[in-house]
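Each of the next two complexes has subunit A plus one more chain, namely subunit B in the first and subunit C in the second.
This part shows the complex of A and B:
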């Protein structure tokens, strides 16, 4: 027997999560074999319909994935935040630190500075194997697992400063230590990868690291290694990675005249538009527009920009006239990169990581079969 | 909670498999060291698998992929203890397949999906970049 195919209306109904004044309804996905009698719902890769881009900049990308289940979209989001390898300062060797900021605090601040460099080079870098409790030996720093930065600053009086100068940055030289003062020292094959614009450098050169006064100095060697966000937030390649579901607004009965204006004010600008009721609509019996020809009616212009604040559900005049919801399988992603990789590349990396994990576990299964 | 997994059992321990050519292989030694074991009490069509070092990321996506298989009667995942980095997947199937096959199909399906997502994402991005590039020139 051929499987039942539900009507378009029924499928559309299942796609919408209901957002009511006090409750959220129709939450779990039901597209599994056996849930709806007679219907198939087996695995089909073409259920994933398409990707729509809204924005694609280096530091921020926004796009819609349509036709995914929340479990998969959430896997991508979680991987973006915690499982994409990046380079960050991991070991700090402090030769001298006479500034007022303590060694451990300084080291922690340094770790959080986002670094950039040739993507090819960063991908070439390998993991730094640390010594384990079980007696695993440490690799030791090599060109393929450690990037070395130096910070060597000393503060002293500026002889040429005006007598009544108050600004410590002019009064003293090197009073402020910035991220741009980190000096990259390429070793071995790093000289081929991290050259010119590809050199390792902080993404934001003006991050303030420490303040000093004459006679104080900071001298340290910083070792950057590969790591993932699950281990430490400094390795997370994104500032934020989030998704929201596409809002859905249905005006079920006409909202006309002053009510329409008030209705539009319940939403962010541009979400609800006002259009005159056409004479054809006014002539139609039972449409609710009878005798309102030429008056303004509320129409949904841009549900995408809605925040689903539910403000419209608080007013009695809109009772039973509007239905709010969200589309279950339309994920609007927003990825903000910290700068080591471009935002769109990060998403592709996340997909790659998921595939890699699947592949690795699948290989692990061959031994279970034996 | 008593430890119920016999990961020291030589029959269940994992040996590195020969890697097929062309496949993307992670160079992550931490990922490679982790093990997958079958929990005790398994039959052909009903088994629980334990994945070391996995969490909700893989667990929920895998559960969804396996539940999409018509031959699977039940699939669920759990992380029995939050401070123990282990993820359990329970699969019960009809007689037409085995739990292990269903699990493998789940991985295959997820990998196929990853390919499709990558492909559609890349083409949508390239098209978007081309269009916004044109806009800037005007």
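This part shows the complex of A and C:
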């Protein structure tokens, strides 16, 4: 028996999550095999409709994934945050630190500084194998698992400063230690990978690391290693990676005149537009526009930028006239990179990681069968 | 080693050394290595030898601090 195919309206109805003043309805997805009698709902790649970019800057991207389940979209989000490897400072060897900031606090601060460098080089880098409790041996730092940075700063008085100078940055040299003072020393094959623009450096050179006064000094060696966000947040390649569902606004009965203006004010700018009622609409019986020709009516212009604040549901005049919702399988991602990778590359990396996981799972299954 | 022959280190050996050196204790103080301290008032570097008065040479302040260790300290950046 051929599977039943539900009508487009029915499918559309199932795609919308209802958002009411106090409740959210129709939450769980039902498009999986076995839920609707006689319907197939097996997921295939061609069900996945498209990826659509809204903005794609170097370090911030926003795009829609349409036609997939929340489980897959959420997997991408979680992989983006926790499982894409990056480089961060891991070991701090402090030779001298007479600044007021304590060693352990300084070390922690340094770890959180996002570093950039040639992507090719970062991908070439391998994991630093740490000694385990089961007796696994440590690798020891090598050119393929450790990047060495140096921070060597001493603060002293600036002889040329004006007598009545108040700004410590002018009064003393090196009063502020910034991320740009981290010096990269390439070792071995790193000299081929991290050259020129590809050199390891902080993404934001003006991160304040410490403040010093004359006579104080900081000397340390920093070892950067590869890691994932699940281990420590400093390894996370994204500042934010989140998604929201596409908002859906349906005006079920006409909203005209001053009500329309008030209605538009319930939403962010540009979401609701005002259009004059045409004479054709006014002539149509039972449309609700009779006799209102030329007046302003509210129309949905741009549901995408709505925040779904539900403000319009608080007013009695819009009761039963508007229906708010969200599209269940339209995920609007927002990915902000910390700077090690471009934001659009990050999503591709996430897909790669998920693919790898699936393959491992598949291998596990075949081993189970054998 | 029996209990009687045991000598308490540092202080004890110092005393025997003093006894051997006789009246040259002050000359030895000049040879002894100087340790740098930091003044608690003007944070000047004050090198002191054994027997020196504990006092800053610049401002006369009597509180001196030890310098930070020269040893490397390792931390994990987490």
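Everything below uses one rule, namely that the second predicted complex is superposed on the first by the 370 of 370 C-alpha atoms of A that agree within 3 Å, B and C clash if a C-alpha of one lies under 4 Å from a C-alpha of the other, contacts with A are read in each partner's own complex, and residues count from 1 in each chain.
The rule we apply is simple: a contact is a pair of C-beta atoms (placed from the backbone, for glycine too) under 8 Å apart; a residue touches a chain by one contact, two chains touch by 3 or more.
All values reported here derive from a predicted model rather than from experimental measurement.
S.K.: Would you sort A:365 into first (subunit B), second (subunit C), both or neither based on which partner it touches?
M.R.: Once the two structures are laid over each other on A, A:365 reaches subunit B alone.
S.K.: Name the contact category of A:354: first (subunit B only), second (subunit C only), both, or neither.
M.R.: A:354 sits against subunit B, while subunit C stays out of touch.
S.K.: Identify the partner contact of A:41: answer first if only subunit B is touched, second if only subunit C is, both if each is, neither if none is.
M.R.: first
S.K.: After the superposition on A, what does A:104 contact: first (subunit B), second (subunit C), both or neither?
M.R.: second
S.K.: Check whether A:69 is in contact with subunit B, with subunit C, with both or with neither, and answer first, second, both or neither.
M.R.: first
S.K.: Would you check which partner chain A:32 touches, where first means subunit B only, second means subunit C only, and both and neither mean what they say?
M.R.: First partner only.
S.K.: Should A:91 be classified as contacting the first partner (subunit B), the second (subunit C), both, or neither?
M.R.: It touches subunit C, and subunit B stays clear.
S.K.: Which parts of subunit A are in contact with subunit B and also with subunit C?
M.R.: Correct list for subunit A: none, the interfaces share no residue.
S.K.: Which bits of subunit A are touching subunit B when the two form their complex?
M.R.: 31-34, 40-43, 45-46, 48, 50-53, 56, 63, 65, 68-69, 71-72, 74-75, 78-79, 82-83, 85, 126-127, 129, 344, 347-348, 351-352, 354-369
S.K.: So in the complex, which bits of subunit C are touching subunit A?
M.R.: It is residues 43, 68, 70, 72-78 of subunit C that touch subunit A.
S.K.: In their shared complex, at which residues does subunit B touch subunit A?
M.R.: Counting only subunit B, the residues touching subunit A are 12-15, 17, 19, 23-32, 34-38, 49, 51, 54-58, 60-61, 63-65, 67-70, 72-73, 100, 103-104, 107-118, 120-125, 127-129, 132.
S.K.: In their shared complex, at which residues does subunit A touch subunit C?
M.R.: My answer: residues 88-98, 103-104, 107-108, 110-112, 215, 222, 232, 234.
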